[in-house]
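Below are two complexes that have chain A in common, paired first with chain B and then with chain C.
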Partner chain A sequence: MMHFLTQIINWINVPLNAAGKFLSIPVCSLPGWLSNTLISAVTGVVLLIIFKYTSNQKAIGRVRDNIKADMLALKLFKDSITVTLQSQGRVFKGAFQLLFHAVKPMLVMIIPVSLLLAQMGTWYQSRPLLPGEETVVTLRFNSDIEGPWPKVDIEPTTAVDVTSGPVRIFSKKEICWKIRALEGGYHRIIVQVGQRQIDKELAIGDGFMRISPERPRWHWADILLYPGEKPFGPDSVVQSISIEYPQRPSRTSGTDWWLGYFFVASLVFALIFKPFLKVRI
Partner chain B sequence: MPNTDKGKLNRREFLKRSAVTAAAVSTGFGIKRVYAAKKKRLGTGKKVIVIGIDGMDPRLSEQIMNAGKLPNFDKLRKLGGFHVLGTSIPPQSPVAWANFINGAGPGSHGIFDFIHRHPEKQCVPFFAMAETVEGEGYWEIGNHKLQLDFWPFNHKRTATLLRRQGTPFWDYLNEADICSTFYNLPSNYPPSESKHGYHQCLAGMGTPDLLGTYGTYQHFAEDGPLLTKDEGGGKRSMLFFENETAQAKLIGPRNNLLKIPEPAVINFSVYRDIGAKAAVIEIQKHRIVLKEGQWSRWVKLDFEMSTPAFMPNKHIRGICRFYLQEVSPNFRLYVSPINADPSDSALKLTEPPEFIKEISNRLELFYTTGFQEDHKALSNKVFTDEEYRTQADYVLKERLNLLNYALENYDDGLLFFYFSSTDLQAHMFWWDTDEEHPTRSADDAIKYFDHLKGIYRKLDSVVGDILKRYSDKATIIVMSDHGFANFKRQFNLNSWLRENGYIQPTDSTSILRDVDWSKTKAYALGINGLYLNLKGRERDGIVEAGQEREKLIEELISKLEAVKDVNGRSVIRKVHRTDKAYSGPATELAPDMIVGYHRGYRASWATCLGDMTTEVLLDNDSAWSADHCADASEVPGVIFSNKPIGAGAPFLIDVAPSILTEFGLKIPSSMAGRNIFTT
Partner chain C sequence: MLVSQRCKNLKFLFLAIVIVLTIPTQAQAYIGPGAGFAVVGSFLVMFTALLSALLALFTWPMRYLIRAIRGRHAFARSRVKKFVILGLDGMDYAMTEKMLSEGKLPNLVKLRDQACFKPLATTIPTISPVAWSSFQTGSNPAKHNIFDFLTRDKRNYQPRLSSVDIRGPRRKITLGKYQFPLGKADIRLLRKGKPFWKTLGEHGIFSSVIRVPITFPPEKFHGVQLSGMCVPDLRGTQGMFSFYTTKKEDKVEHTGGENFYVTKNGNSVKAELIGSTNPLRKDNSILKCPFEVTIKDENSADIKIGRDSYTLEKDVYTNWIKVSFRAAPGIKVYGICKFLLLSAAPEFELYVTPINIDPEKPAMPISHPAIYSTYLAKRQGSFATLGLAEDSWALNEKVLIDNSFLHQCIETDQEREKMFFDALDKIKHGLCVCVFDGTDRIQHTFWRDIDEEHPANREQEQRPQRNIIEELYQRMDILVGKTLAKCKGKDTILMIISDHGFNTFRHGVDLNRWLEENGYLKVKDSQRNKKHLECVDWSKSRAFAIGLAGIFLNLKGREAQGIVEPGAEAAQLRNEIAKKLIELNDAEHGQRAIKQVYNAMEVYQGPYKNEAPDLIVGYNRGYRASWETAIGQVTDKIFHDNTKAWSGDHCIDHSLVPGVLFCNRAITTEHPRLMDIGPTVLDMFGVAVPRYMDGKPLAVTDVDGNKNRKKQAK
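Presenting the complex of A and B:
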């Protein structure tokens, strides 16, 4: 089952990555706050439409009307404890009913939103390495690796300079290198593992670039989280390779903050468009 | 038709702009903008650049200049802008730089040594430049205590106070709307507040690390002590590897919110690969890969300080660098003192406080402690000479980056920039004699002294660059606070006082432990200070003011100035009476006498904190093999300028008045100095 789910997400990632690369053009050329705001606006409106057609609008309308009536009752009959308590109870019940009606659209939206966030994370979560900047590359072996480890080394390239490593962490079944970025652009680091060659994407430059911090292992959660590169197969001796990218400092389109900004901005746009699209939420 | 009303504001526009301004001012953004605007408005056009080179020695400077290797300094010399600069009494950096700041002697600023004492507590020492004063009152909650400085609690919070008194010369500049910016200014931590808002300062010497010390490294080794051991300026701990993995604790700032304060610690892991001669360090979210002999870049640390349950925990951010000295057979890892993170500092490192963020936005992370060259690591044999040189050269590299930033952001007014390399590298590498060096071979002594000369040459090119950019636009002053001398023999003043019956009993070992104050007439504390045990001033004083005091002072001076070493050389050049040498309102904590040593001599390491040794005179066996805490006449500083220096014998206290005069201001009555550019 897990293998099947992993395979599904792997397949879905292929067209999504293609679309993500296509979207890279505007994202890379616009200021971060603007691109995130535009994506949030479009997403807010699209999710509102999805909500409209996947939720029971009539039932939601009824619940909201009842809540309004109970609120009015609370105001009009505030001297009557019986009416006040009954109305309050009904307001709470109505709130739970609204939550219940939101479950179905949420279930429909959760997967596309997760896939979208994973794609957005490739732009906003980290920044590319600057030429001259150093970072750490970590290769993880499969946990069931036995016997002596194969000989592992990064192939010489003009894009990076290996300043330290390979350093083996026996207790974690990992190998680390320290590298220094040299040339701007997208590059592939080739790692020779025994007789086999594996590769990992590396982004060097300024501004916004699609970044894949990890070429993931064969696991649905990791493939969802790191959609940028093809995962290693379940039988691969190498489980994953990661590169530590620096954090992007921005309150609208930087590390971690971009997510909060996205949620707030998409909510604001959804609320703005709600009356025009005649959606009840 | 051209719009002639272009520059005019109509009523609506005026109201709109007023509203925008009001909104902006009411936010932090507004404050910053207004501050920046204020700075910009103040351009007077006049430029004065002062480069402070700590410990730059006039003799060595002349020697290298005469050899044609300091062409830019030589150019200034030929213009008449070179002179020996009289230093402070005593010639210690905190005292000397405070003289520079006030344009007056120690009687005006109240700093007389690195170490002072509280006479009401007899002789309890404290750091002279800044003192942390414990708060009063707190509210106990479980294991924590809270100091609430508002009504109805009105607790007094623990605070670090700048001990320098008097009026710093930039106050006069700022009063006249002239901007002043100081980088790494000594004797100004915590930086004093800008009274008029036109002064910026990054604090230098005296700024502590996060442990509250002048710099405490941490050293982890397989042969280290099982329990963490303190060794003046450092801590040593043992690392134990299992499956090539070791766990360790990095000790951070003390959590004063605990009833029994304890330091916050960060656990970290070390993974070594003996075959690769390298290791990986995992600390918080960082993974650091180091080869043997490699330094890490600055690593950000987050120390979490526990607070009472109803409050969120407090976070103090620090930065450190790791240096992997050896992987096998004895794994050794050095961690630099934990500096305050300039991008998010818990300490007030600058005035205004946001100035440090402006610098950090551009330069990211850098040393923020006052003493950046880790001389303690060399003195305690954690570093070799070469390792110290590498670390100290990195400090100079950072300083040069900061200088570039300073020059790029300089428009006009006063710019002061400080270099420490010539002082803290000279303490370890200066050796201008054929005599045997305390710790290194004759060849190495020459090699490292040559390295020091190389720093002079490097600074010559820095000055050359500044001359090229500003020579025709600015008055440029390059100055040092004192010179240098070898430190071959150490004199234990307290042992001498004991031997001569001034400290009792005769078998006492420290003035902080076992002295009989009812029979002790005088004691030494700090590097040059000599105090009488004066009745009415010291808690257990016995020496009467008046005749007895006079007689004792004269007796001590004559005896001390007669002290001879085993080879017949005189040890002490002059003992200064501070009631004659100092004048001003801040002499309360002044020693009664300042002992000025001949070149080659200094107070012993033990005597500085009141300890006594069996011998009065002994060899200095420390890597700290040169010093300047001699007599002021032995180690003067140096001054260069692109303007001829007319004054006959300029002193440090003359620099500030000269700067004020350059800006067309009168020399205030608080200053004792004069203008060096006039005869």
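Presenting the complex of A and C:
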């Protein structure tokens, strides 16, 4: 079952990555706050429409009206403790009913939104390495590796210079290198593992570049979170390989903040368009 | 079935929670805004509710203290916790007594047998606005200034509503084709005096007053109120229906409604709903709301208003539909109406109710506090707000058939029942008053069913086998039963009252014609058919009639072109007209048309006595002021057969149409009056009855059998 799910997400990532690359046009050419705002706006409105058609609008409307009525009752009959407490109780009940009515659209939306956010994460979560900047590359073996580890080396390239390593951490089944970025652009680091070669994408440059911090293992959650590169197969001796990219410092499109900004902005746009699209939430 | 659905829902909820909670942590943040705003929304609701709960709880002792300091010792001397008055407008004593004796009203029979059933004396004249004003103020009409639905404008003799005066704001700023008012419209209640629930409020007792007539605009007091009779529609009238038809011959003038000739384009009909004049436009253009009907087949059509579409089915009312009229960019006026497709093909006929003020976003104040109507709309959905919610004019004008009108009445009563029961549930201590109008409207329009000789039945080959009035009384009995179930406590008094009774209305009396024939009124012959007394030669007229109540003298100093000297001349003229009028005989039917003529100077006591019609006419059974007299028209004969559906009435001598008084406690007062109810409520709550009230507290027996008067004496 899990294998099947992983395969599905792997397949879905192929067209999504292709579509995600189209994002490079606005994302690369616009300031981060603006591109994130635009994506949030479109997403907010689209999700609002999905919410409209996947939720029980009539029932939500009824619950909202009842909540409003009870809130007004609190004001109108404020001298009556009985009415106050009864209305409070009904308001809380209504709030839970709203949550209940949100479950179905939430379940419908969680998959496309997760896929979208994973794609957005490749742009906003980290910034690319600057030429001359150093970072760590980590290769992780499968947990069931037995016997002596195969010989592992990064092949020389003009894009990076291996400044130290490999360092083996047996307890974590990891091998690390420190590398220095040399030349701007997208590159591939080739790692020789025994008789086999594996590769990992590396982004060096300024501004916004689509970044894949990890080539993931064969697990649906990792493939969902790191969609940029093809995952290692389930029988691969290497589980994953990752590069520690620097954090992007921005309150609107920087590391971690971009997600919060996206959440708030898309919410605001959804609320703005709510009356025009006649959606009750 | 319901239980299994609930189980299914619970399982689904549980499964959803499990799925959400078991996916990786990062993904939880990925719920995204779509569901996020719902989650945020519900938490916001919870937060606000919690905050308001805390505020209410923490401030309650303080508010209690403030009330105590102000001397509002609510319920300190009260002998009841709750007083409920269920008003059934027009419930007739004789009819009720007959049905009680036949055992057709089991709940009312219980009340009669266990406690009280008496005739309730009404007012002079026996007209709802007058009677309910006396009910609220506990005084005679000369103290509350309401003598009829209509009165005349003393400046020009034009008819106007007696209870409310609506004027636009005085100051306006002009900007291009728009004008923006500085301040609110001036809406004045012309009923004087103080309602007894205001006095209760001054003593800290809370009241809920629903749809009592003559409460528009609503007044401030300690409680909640929804205005009743005289609330206008969005056009500012007392109810103007619209009738859209493709029949050319139907292009006639309707009373109380408007006819619109429309054309079919294929299977589509385009038309407009008509609103009020645009207060924001200098040219005062009419507000309009376009709509389009697409006919599907002989029995159905779709209607599109704005961006919303609704289905119309032949002979089935839509629910209340919200409509908006654009007054200026970004400013809309909201209303509600129901549509009834009368015919889709071959001819198209569509009836639209008067456009009621939307209770959720009222264009005028219709409740106190203003949010009360919003509260009710949110609680139970849209409801009729128009004072005369049941469109009897559409029935009179034969636009609606009997069943369609009856349906309107029943639905209005159902809406009323919901708000009444909500008030009963909310108010544990205090006063609940609610008036149901269906009893009045249905008796007005279906009395012909129980009066075989009524002129309205003449054209009918076969009269329908039905008794709508009996069914109405039985429905009200069920309502009483439900109300009784909610008033079980020993500390709760329930009174069921009506403002007047009912009788047949076979013939209309044209008082102006009688005045003309007797030399008191001079008509310019060339203008005889004009309405609103425009045909009268005022320089030669000593008396005139308008409305349903009686006759005004053309008194010098009071009327614009008065010729009768106040004092002796006026007094002599009153006596002379009264003496002659009481002799008025309907030769064709061999009956006296008038039972009594009342001199306002003698029957009224109070500061507004001079505003009353000088003579109040107490008609005999079967007679009433003619339709023409009501609107100030002078015809060429005195007696007119009434062939309209509006076949029953109560605007006759008060002795012929007493109301009813039921109570769940025995009342020993021999002749209770409507104006005694307010003082009784005050007395039961231990509040002193104000001296200006003419009514006296009724002798209500306490639970232990003592009369309230005795207890008070102790």
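We adopt the following convention: the second predicted complex is superposed on the first by the 281 of 281 C-alpha atoms of A that agree within 3 Å, B and C clash if a C-alpha of one lies under 4 Å from a C-alpha of the other, contacts with A are read in each partner's own complex, and residues count from 1 in each chain.
One rule holds in what follows: contacts are C-beta pairs under 8 Å (C-beta built on N, C-alpha and C of every residue); 3 or more make two chains touch, one makes a residue touch a chain.
Here the structure is a predicted model, which is why all the values come from computation and not from measurement.
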item: Clash or fit, chain B versus chain C on superposed chain A; value: fit
item: Partner chain(s) touched by A:82 [first = chain B, second = chain C, both, neither]; value: second
item: Chain B versus chain C as contact partner of A:150, first or second or both or neither; value: neither
item: First, second, both or neither for A:67, with chain B first and chain C second; value: second
item: Per-residue contact with chain A, leading partner among chain C and chain B; value: C
item: Touching partner for A:131 - first (chain B), second (chain C), both, neither; value: neither
item: Which of chain B and chain C A:205 touches, first, second, both or neither; value: neither
item: Which superposed partner A:184 touches (first chain B, second chain C, both, neither); value: neither
item: Per-pair minimum CA distance [chain C against chain B, superposed on A] in Å; value: 18
item: Doubly contacted residues of chain A, that is, touched by chain B and again by chain C; value: none
item: Residues of chain C that touch chain A when the two form their complex; value: 9, 12-13, 16-17, 19-20, 23-24, 26-27, 29-43, 45-46, 48-50, 52-53, 56-57, 60, 63, 206, 224, 307, 369, 371-372, 374-375, 378-379, 381, 426-429
item: Footprint of chain C on chain A - complex, ascending; value: 40, 43-44, 47-48, 50-51, 55, 65-85, 88, 91-92, 94-96, 98-107, 109-110, 113-114, 116-117, 221, 224-225, 259, 262-263, 266-267, 270-271, 278, 281
item: Contacting residues of chain A [partner chain B, same complex]; value: 134, 136, 138, 163-172, 176-178, 244
item: Chain A partner contacts - residues on chain B that touch it in the complex; value: 243-245, 271, 273, 275-276, 278-280, 287-291, 294, 297
